[in-house]
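Below you'll find the structure I mean.
The first chain written gets the first letter, and so on, giving A, B, C and D; residue counts start at 1 in each chain.
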Amino acid sequence: MSRLNKQRGAKPKQENCLVGNKQIIAPGYCRLTLHAPLIAREVYPGQFVEVYMPPEHQPMLPRPFSVYKANRKTGEIVILFEIKGQGTRLIAAAEAGASLKLLGPLGNGFPELPSGAVLVAGGMGIAPLVFLASSTDLPRTLIYGAPTVAQLACPSSDLDMPGLTILEATEDGSKGDQGTTVDLLLRCINNAGAVFACGPCPMLQAVKNISARAAVKAWVSVEERMACGIGACVGCAVATPGGYKRVCKDGPVFAAEEVILNE
Amino acid sequence: MSRLNKQRGAKPKQENCLVGNKQIIAPGYCRLTLHAPLIAREVYPGQFVEVYMPPEHQPMLPRPFSVYKANRKTGEIVILFEIKGQGTRLIAAAEAGASLKLLGPLGNGFPELPSGAVLVAGGMGIAPLVFLASSTDLPRTLIYGAPTVAQLACPSSDLDMPGLTILEATEDGSKGDQGTTVDLLLRCINNAGAVFACGPCPMLQAVKNISARAAVKAWVSVEERMACGIGACVGCAVATPGGYKRVCKDGPVFAAEEVILNE
Amino acid sequence: MNKKHCQADLNSKTNHDHGFNKKSAGRPDLRVNLAGIDLANPILAASGPFGYGHQYRELFDLSLLGGIIVKGISPDPWEGNPPPRLAETTGGMLNAVGLQNPGLENFLKEDLPCLRGSGTKIIVNVVGCSVDEYAAVASRLDGVEGIDGLELNISCPNVKAGGMAFGTDPASTSNVVSTVRKQTGLPLLIKLSPNVADITSIARAAEEAGADGLSLINTLSGMLIDIEKRAPLLGNTFGGLSGPAIMPVALKMVWQVAGAVKIPVLGMGGINSARDALQFIMAGARAVAVGTGLFYNPDLPAEIKEGLLDYLQQQRLPELKSIERIAQNPKGEE
Amino acid sequence: MNKKHCQADLNSKTNHDHGFNKKSAGRPDLRVNLAGIDLANPILAASGPFGYGHQYRELFDLSLLGGIIVKGISPDPWEGNPPPRLAETTGGMLNAVGLQNPGLENFLKEDLPCLRGSGTKIIVNVVGCSVDEYAAVASRLDGVEGIDGLELNISCPNVKAGGMAFGTDPASTSNVVSTVRKQTGLPLLIKLSPNVADITSIARAAEEAGADGLSLINTLSGMLIDIEKRAPLLGNTFGGLSGPAIMPVALKMVWQVAGAVKIPVLGMGGINSARDALQFIMAGARAVAVGTGLFYNPDLPAEIKEGLLDYLQQQRLPELKSIERIAQNPKGEE
């Protein structure tokens, strides 16, 4: 299973990007289109960008976001994010026509999707998986879950792709099945070509266990607080059987058996 | 000569003010109208307001500005300021309809204008003197100077008042007489009812000396870096023969003989 | 035009109920006892920024504070440092006021009377150039009506004589604290300097010498240069750094000291929100003080108070005691 | 997928002219000599944030830097601290990386070769848990091609053993410096901790023990608490505060140390602009390093370089030497 972005040499670019379409998805999510031709041209599913803060604002450090969509032709990328704290509030406040500085593409993306791939998205974990799902026409399944329908922030029009089966779950049953992504995964793990997951740590841990038991290869995208975003500062450590690795450079996508997930 | 604002009890108010008309006066000055009825109702010439920074921005401390105009009826005040550093840049970026938090009115203003008063404004020192000039119809003279015409930022329409004689000077002769406000003051000091000055320290020092020699009473408005703006922190000290005084509470207007001006 | 004229009709309450009787049923209890002083809530005004309270009482009801620590008082009036005394930095500010104050007798005559009716506890910050000066202020204030406690500022980095020396060395800390202790029955807080290698040794020295509580941190020593003038920006060259910039340093020292002594800790340094205050309490502070935050948000004490009440209510906790020091023994590691 | 694969075709220059020959006529001279190392300009990458240079060379030509101080190297590989290792604070950040590093031999094999052609000076930051470990690294690096100097990190607040102890006490500073001095002919910088009461005594001890220069400051010790988890936020509990928040503290210490020793000072701590760099130089620094600033502005070194050139040109000054330490003796007070 070869990495999509095997050309490791693709250097991260600093790009001043024009803010395009912005959708604030109630309550507290933002879908932001950015004109970033250098990044759009080279980014692969699972890779991310660092969005710098506008100057003279708190906070200072850039914020990492998975690429949710990329259009090589128009040079646009889209990020989908939860408005969580000061940083995401500032980014969500950028108006169309403003400029945001980006660094990307960053990190190692997902490998190519095999036929029968199962993608498991918990909450905002949907972001890289939408890009990944769009990378093939092979039959594939997306499991998408959250505590309530309010956290299923991804606009359904963005999920409308040929060959993609969508299974949804909410813990309170407000949309899709009542239950979790893990419940749904258990139902289809035996026919899965491979599993690709992004979401909260406990979910990733469950995905790892279930896949291992079923002897299905699993890939997980993990998160850690970042500073440089390019592998220099060793700040974004994640434990692995061979010592700490850097989420930003050695990940964010790891083979499930490669990382020790805690929480 | 009684203080206009003898009612010292007028407490400073915190007011969330709607930003009204904004004029950016090239290059680097801003004339900003704010709807601040509580402050507009009570402010006297020479008093100032502290403008708080919008949240999540650098810097943090509020910035002091003299009130340039106040309209008790419409509840509007106007400030005129130079865009100098981060703080003034942020304030000048506030768009009409936005809200800025103000604290005011603050400090001791000027005493009432006698007939034949001479007002001396160096550069941005014009701000409190426009408000002061508008407080009477008695004959009075405004001396207004700066290095070049570019620093004579005050729109001339704002200076169009009955009974007000205007004398202008620039050091390079680009507007008015070639010379300084001090040259102009020397010409009219002997007929002056009293002198009211605001501007750079060396100018204030010259005004002080000239007035003293001519035995004309002089009042100066001085500046110092501020934190609380209300007299609590003793941060805005200015030297006086009787020890340090607070610009924000004991001033900013002082009898010229009351302050030791350096630089 | 007496700048210290006491306006009794200002919006402060004159009764001394401290809000104890106004607790609406079911609202959590914010009362704490700090070093023997009963506070209606754990939010104090830090010494310095608040002056002697005359001005901020024009902006809010002083009784919403648990206590006020008045600006440092010395036996005789102090002139303070030459201007400029202030400078802003990223996330913080420098001050080099130099402990300007009207002196003990003027304070008693002109400032204290106005504070008496304010409905909050009054703690006097004491400064001196020698042990005798500290002792003189403490002994004079002992038993004066309206004073609820003393805070010895042995840590101000602005004053060359005195200040710095006491607070950076356990032996001299011990000496000044035990001397003052003999002069007063008032609750005695010692304010510690962060400009030391090991604050716990100073803290323990103060505790052993008879302190009832510890206040920390004072400002970090710093400076700026005016590159146009090619000279130090502050009139005093050095100044004290305060504000959110120093918050992580303050929190760590509170954590360390709370783990090293038994007496209660008053935490301060860059507190900017109820969440910050909760961090200090979870690190081991009994109460918190706000200084610089008042400058850019005079509503900060009210906001912190509301925030603490909301937090306790949401977490169904009856009082702050339940979370004091909790981060030193997080659940699961106990 | 060798993360350390050396890409010689990256946009770094391979000649060693350091820009000396490219000076356009009349442009001021930014060259400085730091502790015996000739630098093309006084802007260095601080140890840690820059790693071993592999990554930032993808963002800019490393030869625009006067020098690179690589991340701390110990004799054996170090694991580092458990995550989370980073947290952002107002105007700054905490890190508790814990000096994770690949160890001396891996550094020499995998990292140094890539740096050799980078057209800038390479200074190796050395860490250890004992005097012997420092000495071992120093002696092994002595004479290795491509290494222009050493910086002894006797100040990291993250490592319980070693680090803290050396840098907070003149005697142990003297001991480690004089021992290392005997092992190496390389220019030797000593990196000082700000978490001390009197940094000048440590600085003088290092100078007397044979240091060629002093680097300061390292991070201030701090912490944050996660109020949801009611536990320290960082995996290591404590971390080091860096960034603009600490700039006034750093500047003051540089000022003090530059006034106390004769060897040159490398200033750092929150530098965010050419104006900040000028403040450090006017306070007495020979050169400056940037760390945290790189994270939010990778163009910072280039911006500082341009800003320094513009300043010298505007002020009609031929070189930085003309303003080094000038704020210690401002015009008119000389």
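Simple rule for what comes next: a residue touches a chain if its C-beta (ideal position, glycine included) is under 8 Å from a C-beta of that chain, and two chains touch if they have at least 3 such contacts.
In this text the structure is predicted, and so the values were computed from the model without any measurement.
Shared contact partners of chain B and chain C are absent; no chain touches both.
In this assembly, B is the chain whose CA centroid lies farthest from the centroid of chain D. Chain A and chain D have Cα centroids lying 35 Å from one another. Distance between chain A and chain B, defined via averaged C-alpha coordinates, is recorded as 55 Å. Once the centre of each chain is set as its mean CA position, chain B and chain D turn out to be 46 Å apart.
Taken residue by residue, chain A touches two or more other chains at 58, whereas all remaining positions touch fewer.
Residue numbers of chain C whose C-beta contacts span two or more other chains: 90-91, 243-244. Arrangement of the chains shown, judged by which pairs touch: one closed cycle in which each chain has exactly two touching partners. Chains touching one another, given as pairs, are A-B, A-D, B-C, C-D.
Interface of chain C with chain D (complex): residues 89-92, 94, 168-169, 195-198, 220-225, 227, 229-232, 238-239, 241, 243-249, 251-252, 255, 270, 272, 275, 278-279, 282-283, 323, 326-327, 330-331, 333. Within the complex formed with chain C, the residues of chain B that make contact are 8-9, 11-12, 14, 52-53, 58-62, 103, 224-228, 230-239, 243-244, 249-250. For chain A in complex with chain B, the residues that touch the partner chain are 56-58, 86, 89-90.
Listing the residues of chain D that touch chain A in their complex gives 1, 3, 5, 7, 10, 48-51, 54-56, 58-59, 71, 79-88, 90-91, 93, 95, 97, 100, 243-244, 292, 294-299.
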